[in-house]
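I am attaching a structure below and will ask some questions about it afterwards.
Note that the chains are named A, B and C in the order they appear, and that numbering of residues resets to 1 at the start of each chain.
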Amino acid sequence: MHAPDGFLNAGTAVVTGALSAGTVGAALRQAKHYLQHRQVPLAGITAAFVFAAQMFNFPIAAGTTGHLLGGALAAILLGPHVGAVVITVVVVVQALVFADGGLTALGYNLLNMAVIPAYGGYAVFKLFRRLLPATSGGVVAATGLAGWVSVVLSSMAFSIEWLFGATAPVSFTRVFAAMVGVHLLIGTGEGVISALTVGTVLASRPDLIAGAADLDAGQIEDTRGPRAPTLLIAGVVAALFLASVVSQFAFADPDGLERVAQETGFAASGEEHLLSDSVFADYATAGIENETVSLAIAGVAGTLIVLAVGWGLLLGVKRPGRRSAV
Amino acid sequence: MGAGHAHALYVHEHSAVHRLAPEAKLAAALSFIAAVAVTPREAVWAFGLYALVLALVLAAARVPPRFLFLRLLGILPFVAFAFLIPFVATGDRVEVLGIEVSGEGLWGAWNILAKATLGAATSIGLAATTEVPKLIEGLGALKVPAVLVSIAAFMIRYLELIAEELGRMRMAMAARGYDPHWLGQVKPIAAAAGAMFVRSYERGERVHSAMLARGYSGVMPVLRPAGAGWFDWLLAMTLPLTGVVIAAVALVVT
Amino acid sequence: MSHPVSVADLHFAYPDGRQALSGVTFSVGKGERLAVLGPNGAGKTTLALHLNGLLRAARGTIRIGDLEVTDDNLVEIRRRVGLVFQDPDDQLFMPTVAEDVAFGPANLGLEGDELEGRVDEALAAVEATNLRQRVPHHLSGGEKRRASLATVLAMDPGVLVFDEPASGLDPAGRRELMETLVGLPVTQVLITHDLPLALELCPRSVILDEGRVSADGPTAGLLGDDELLARHRLEMPYRLDGRKSGR
């Protein structure tokens, strides 16, 4: 997903650039204490680890191979803020030194490969930690689900960016279906590898895993995974979560969707000048009435509502990990 | 990511381009790519000019065409995507070699191909003429937050070490007949990754000790020699200035 | 006059409860080269980390010259005691050798020509001037070792502490290292399980085992005592009683 220069239009590059820079800046402030006092070399060396792990191919099935993206994994191992900072450095160096991903595409590449997998993956991890038992088995399962969802989320983000910044008249729905479809599969690899990696670390140095810092020695020794029904519920929640995001876009305004895709991607970039077809210009001239913007707001709002309802449900669920009656 | 080795990125030469201060080169490359990115795709002539200007700079830097070509293969996945666009895109149909494709899609494919290739070629040229540590130094000079720059420097320093260690682990697995075919067999790979994370973390702690032992107090000392002079900036900026002029003309004309 | 290094009744346990040092006492004279010998897990590295204040004693004291190691004077302690780590890849963390050598003195506040001068001197002292602009990862084992030494020498320490200085070196690299060490006019503590190295470089040795000093005396005498060595899981690659195959 290292998109090259010119993949999305300039306005999208600028807006995603601002979003990424803002988020990474906030992550840096959050991680400041940690990074000042101990961990700059540690963050750098774990960044090298993530980079190297990304070069490690693994088979998925039938001759296809995948490789780790590592956003959710880094967030779970190092905490979301340091994790996001570490992956940011990886993505920037890949563009700058290895010409892997365009320099002017850094805005959306950072959003898709660093910010969204790290924070989105971590949020999903936390969500499942609540649902699953507080044991190392539960941590491993939550990591797997977070890894999977994180990759799907970034493919969704990529599609949404295409909706705004398309440089060719390929409809959003088409891009969305292809991207999300492929990443539902690729994501399983990410999930499995992330989960097994965390499992290995839990077995030798559980103290190093930020996302398992709440476990005591007894809970760490408990490697039993969640029981089948629990896992099933977790899977359903994950699927529902993804489905609800998808449906927000499908149901919001199917006709409008096509029209917007046509306008932003095709008509505009074909006939008008660069700045007039960018989201920037749309904001300036049409503001919130603009269909693209209102559609996106509908999608984002819908996602937030689903997340909030999900949280509410999970808060109501008694944590199976707290089995002992105190 | 096959070319994970830093020395495969740099072309050892002594050209004027090599000698330029890294921050000037970095800023120049970035602005040149930005000029390319905002150029309307219909201005085909402009992309030809960009390619010419860039080729002149790379020739002056004595970057071998073969080297450039091999490194450019890295953008192939997106080239494949670009070739798909005319077939899946909507809009007016035109006939190319007897096949009906979308005319707008063709323009879209051209747009991505041209900009991606020029962008990648510029980045490749930058890395070919600037050693990696200098590139990172340049980031610092361009006011990228110091913490990010330091993390990047540590990452670059330990990347090969860790990649080689992982490679050796993988080799040791293969030597004992490990040949996974599907996701259900990847546990050893993840075990290696987990072990590698623990080792990386512990190395991080040891390096931190080694830094404390030499008086580190939480802030990396500034070791940079004097930054880029006006001459560096002037020389480096000829590239993006040319780019901006081309882009401006293209925007006005199209 | 106080000893450059004196350690008295030093105790230390790691946070996980592992007792690594249980009452270590010894001192080193000015200009002396002392070997600290011991098997794996004896507590040698733990001791080295104490000598420049990276780990803090649970009980007992460490004095460097007239200064006791406390939280308040860590900067001065770390200037006085140079610690060369076992793995040069831990020690050489900067992008180039020159920057790495400059790291320590820059932390001490040196700048400009003065800093450059320090770097040049330190590199010259270990005959590594040609490594200046090299990237640490691509150095040979011997070159890494010399570069690590230069990073510490640049701080102008009065005491050098080496943790397994010869590990990972081939015989020629080991020989070069020994020649370099003999030429350095500072007090040195060599922490090692390499007995021939100790015999050649250090007139006096202490044996550390299970966190305690179990012998302290002339190296030749200690290494000639087979029973003592066996008790501490130490071994000479050849015997010292004249049957050795000439050196």
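What we mean here is this: contacts are C-beta pairs under 8 Å (C-beta built on N, C-alpha and C of every residue); 3 or more make two chains touch, one makes a residue touch a chain.
What you see is a predicted model; the values in this text were computed from it and never measured.
Taken as a graph of touching chains, this assembly forms an open line, each chain in contact only with its neighbours along the path. Interface comparison, B-C versus A-B: the higher count of C-beta contacts falls to A-B. Measuring from the averaged C-alpha position of chain A to that of chain C gives a distance of 47 Å. Computed centre separation for the pair chain B/chain C is 42 angstrom, with centres defined by C-alpha atoms.
Our note on geometry: chain A versus chain B, Cα centroid distance of 23 Å, whole angstroms. For chain B, the set of residues touching two or more other chains reads 6, 132, 136, 153-154, 156-158, 161, 203, 207, 211. Multi-chain contact residues of chain C (touching two or more other chains): 93. Multi-chain contact residues of chain A (touching two or more other chains): 41.
Note for the complex: chain A touches chain B at residues 3-7, 10, 13, 24-25, 28, 32, 35-49, 51-56, 58-62, 67-68, 77, 85-86, 88-90, 92-100, 102-105, 167-171, 174, 188-189, 192-193, 195-201, 203-205, 208, 262, 266, 269-270, 273-274.
Remark: chain B residues 1-4, 6, 9, 26, 29-30, 33-34, 36-38, 40-41, 71, 74-75, 78, 85, 88-91, 102, 104-105, 107-109, 111-112, 114-116, 118-120, 122-124, 126-127, 132, 135-136, 139, 145, 147-148, 150-159, 161-163, 166, 170, 180-183, 185-187, 189-198, 200-201, 203-205, 207-208, 211, 218-220, 251, 254 touch chain A in the complex. Remark: chain C residues 49, 52, 54, 75, 78-79, 82-83, 85, 87, 89-91, 93-96, 99, 102-104, 106-108, 135-138, 151-152, 155 touch chain B in the complex. Residues 6-7, 132-133, 136-137, 153-154, 156-158, 160-161, 203, 206-207, 209-217, 221-223 of chain B are the ones touching chain C in the complex.
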